[in-house]
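Okay, handing you the structure first.
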């Protein structure tokens, strides 16, 4: 990984020559697809134990890279000139790894969209129940995808921004998606209010502590509280800073230790359900 | 305040090493057959009761890992859902698992299939019962709300990480009279689950539930190791506070216990001949 | 056995929830239109937030992590507008990054509108880095090598060629990061950003209670809590914004909710007493 | 009359469509359609619900496709010539085999990469997020002494309270032994203190939700009905 990052900076074998670069690039990408996807039938021949070994190794190596970068001592003067005392020999490789993980992260998000479209496409084709709504979903998906991609490209001046794109994206984004999202989220206020009346019961000592603190905070932090009496905001701020903070910190310790234990288990693929 | 590398204060590496050792040793013990004790969380009795009630009504049961992105919490939520699926498989109660994350959706399909196999009813498994609605928070919430109302769900289990949309699930379940059990490490939503659900499993209890249910050596060992780590944190707090009261809050020993740069400060003061 | 006539309390408890929705709706409309305006009392976290920005020198670099979608517009928009106004007043340079797809366009269009009013130049004094799905890895990338991690801004210009970011090599060249977010993104900034970077937090109120442990430990240096915090900040800046009408209306919806929580419990209590008397 | 003229999305005398006003009407139509769920689950709601899910999924392709794939993959290879990046997308494509029965396991390789990376990164998070909190707890002396000159009795009381709450809530979250006697009482005390923290979250969360609803009603009043709401 280290060689990759150093050499990439300078003009070397890692960089295609200027002329007919597009042609070479397309060939190499096609080759990469063939090579990597071609690997699958080979991998498919592996017995289940072999498959698990590959997944476990890949998981371990991905974790080892970041763990090592964190735990290895810095200012590794043996390899690096003393220009940056905050680096060890793995640190320069963090940035390219970032690009790789962003791409895979984006493909993972795309997986969700792919799964969604695939589900509704099948609903529509097989005329399953409510398939009419699947058509609505697919149409709005396609229209919005087109406008969104064109808009983002227009921002990068790769595509010319016409009035139709400008107005169309504004209507679809600012006046439809944004409004639907905001409206949907504000529903919760209604649900809280109806739950406050019908579900929030002072059933026990615990529930009454929770409810009393909640009401104190609700009144103390808003302008009305300051109007009623200047003491209210002070008390509310004290409860938040002196009683609430230690409880939150104890919760944080529990979650942090739990997270560390889980991270170790995932890294070493001890978790049966996962890898 | 933040660490870029463990060398900022090697104390961090020592603590991580100690906790890792405590966890891995106990996992090894559990794998070698030692019976590690985990107390039964009251929330589990509530889950069994909810399962019983849903079988009487015969209406579907929903399992919502919510928008939990794939990782630590999602895996354990699926462990709990596998347990529930195995129980309801005996009575062929229909189920829906609704996820808002692509990876969790994919892994859930295998987890639920495994659950039905383990329950000896592979025929009951229908991949369409495990659905991905949307990774948009509120598109997902509306999808779930719509389904709970349309199918008049009997029981609603919500395990995983939740955000603002949690109350829409709980309130909609409340509207159709479903018995609801929630368990989450997202503390911003616990108060609402406490208010609107029949029982709420809070924070670390969530980890203990999946460990207790699965009796997995890995989970049991890990939980025991975590308890040791919590004891370590409690003792460091007590000892440190007393030391701070005696030696002052800017003493080298206090800097050592967790502050970046504390390691050099501590050893420099020790090597320069006995403390400040 | 003929169904017992529902006592007044039982009817109260089983009132249709749609009436409740109407009552809340009407309450908010009334107090949004009511001309009464109550000044806010400045809470310590907001004052600390203000003081941290006041320390900025002209030309200091600030990173704004805007991760809110339209869902939390009412809370995060007043915060972001007030913060950008204050940064422009201090002549600080700022860059925006978002890990939420929708937030990318919302924050970009909002910043364009607010900066145009004050004549703040895109590319000269502020820029938008676009969307990255994985925040943790993005922060680590920016700490080691910002230009190669971000590569180009929203408008496709190379980072290294932008006057706003001349000579910026890493996140350590920034003075402050402001996280305007409805979700748990601040732990990523706390965990991975460089030591000297001051972290300021603009959460929706939901995330505020959890953050008091970070305020206590100094991991975050200030916090604006939701629309109410935005009102306090607008008051400190002496500007007119959406924070004030929202915060005042919140006061009365809180009053309504508290009343209905008490009413609900009272009705349940009376119901139980009545049932016991008859039972 | 001029309010009506400004309110409607179309002009009467020279019959023409006012696109700005029409956009606001579209936004209001969406808002009211979603609010129809409050009355009852209905086809209009379901129509807008599916449109919403479709729009949201469609929109994400813009930032995903351009901000990420173009910036990190297409431009470095085709324009700058760094051909080594070519292998990343096919490798990431393994994820899409998750839908196939036979090749499903192939996706596990990439999922393993993501899990491994997040696990490896957690060590830094554990050090930077939790140890400073542990350390700041230590800086709460329990009595006034010359070692800590600027301590007041008020601060001492607060520190005692802080430590007691912290340790009792921590005790509540321990599971590997049966809680009996004093420990059980401390754990119950811990759960009560936990409720204070949860109450604080509850109060703040209610405030957040109200603000979002108020924001929507402000939009209906101010942008649609053109009733100016005071700036406060």
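Note that the chains take the letters A, B, C and D in the order they are written out, and that residue 1 is the start of every chain.
Heads up, the rule we're going with is that a residue touches a chain if its C-beta (ideal position, glycine included) is under 8 Å from a C-beta of that chain, and two chains touch if they have at least 3 such contacts.
A quick note: this is a predicted structure, and the numbers were derived from the prediction, not measured.
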| item | value |
| --- | --- |
| Which two chains share the largest set of C-beta contact pairs | A-D |
| Chain whose Cα centroid lies nearest the overall Cα centroid | D |
| Inter-chain centre distance, chain A versus chain B - centres from mean C-alpha coordinates, in Å | 19 |
| Whole-Å gap between the CA centroids of chain B and chain D | 18 |
| For chain A paired with chain D, centre-to-centre distance based on mean C-alpha positions, whole Å | 11 |
| Residues of chain B engaged with two or more neighbouring chains | 1-4, 6, 8, 16, 71, 103, 106-107, 133-139, 142, 164, 187-188, 191-192, 194-195, 203-204, 223, 230, 233 |
| Junction residues of chain C, two or more chains touched | 17, 21, 24, 69, 71-74, 102, 105, 132-133, 137, 140, 143, 152, 154, 190-192, 204, 206, 209-210, 212-213, 216-219, 225, 228, 231, 247-248, 250, 253-254, 257 |
| Residues of chain A touching at least two other chains | 70-71, 97, 99, 101-102, 105-106, 108-109, 111-116, 151, 156, 173-174, 177-179, 181-182, 184-190, 192, 194, 196, 198, 200, 207, 210-211, 214-215, 218, 221-222, 240, 244-246, 248-249, 251-254, 257, 259-260, 263-264, 266, 274 |
| Chain contact topology (line, ring, star, complete or other) | complete |
| Complex contacts: residues of chain A adjacent to chain C | 87, 91-92, 94-95, 97-99, 101-102, 105-106, 108-109, 151, 155-158, 173-174, 177-179, 181-182, 184-186, 189-190, 192-194, 196-198, 200-202, 211, 215, 218-219, 221-227, 230, 233, 237, 240-241, 244-246, 248-249, 251-252 |
| Touch list for chain A against partner chain B, complex | 69-74, 86, 88, 108-109, 111-116, 119, 181, 184-185, 187-188, 191-192, 194-195, 198-200, 207, 210, 214, 248, 251, 253-255, 257-266, 270-274 |
| Complex contact set, residues of chain D against chain C | 38-39, 56, 59-60, 62-64, 67-68, 71-72, 75-76, 117-118, 121, 124-125, 128-129, 132-133, 135-137, 197, 200-201, 203-208, 210-218, 221, 227, 229-232 |
| Complex contact set, residues of chain C against chain D | 18, 21, 24-25, 28-29, 32-33, 35, 37, 71-75, 101-102, 104-105, 130-133, 136-137, 140, 151-152, 154, 187-188, 190-192, 204-206, 208-210, 212-214, 216-219, 225-228, 231, 234, 240-250, 253-254, 257 |
| Residue ranges of chain B touching chain A (in the complex, touch as defined) | 3-7, 13, 16, 19-20, 23-24, 27, 71-72, 75-76, 78-79, 82, 101-103, 105-107, 111, 131-139, 141-142, 164-165, 167-168, 170-171, 174, 185, 187, 191-192, 194-196, 203-204, 207, 216, 218, 222-223, 225-226, 229-230, 233 |
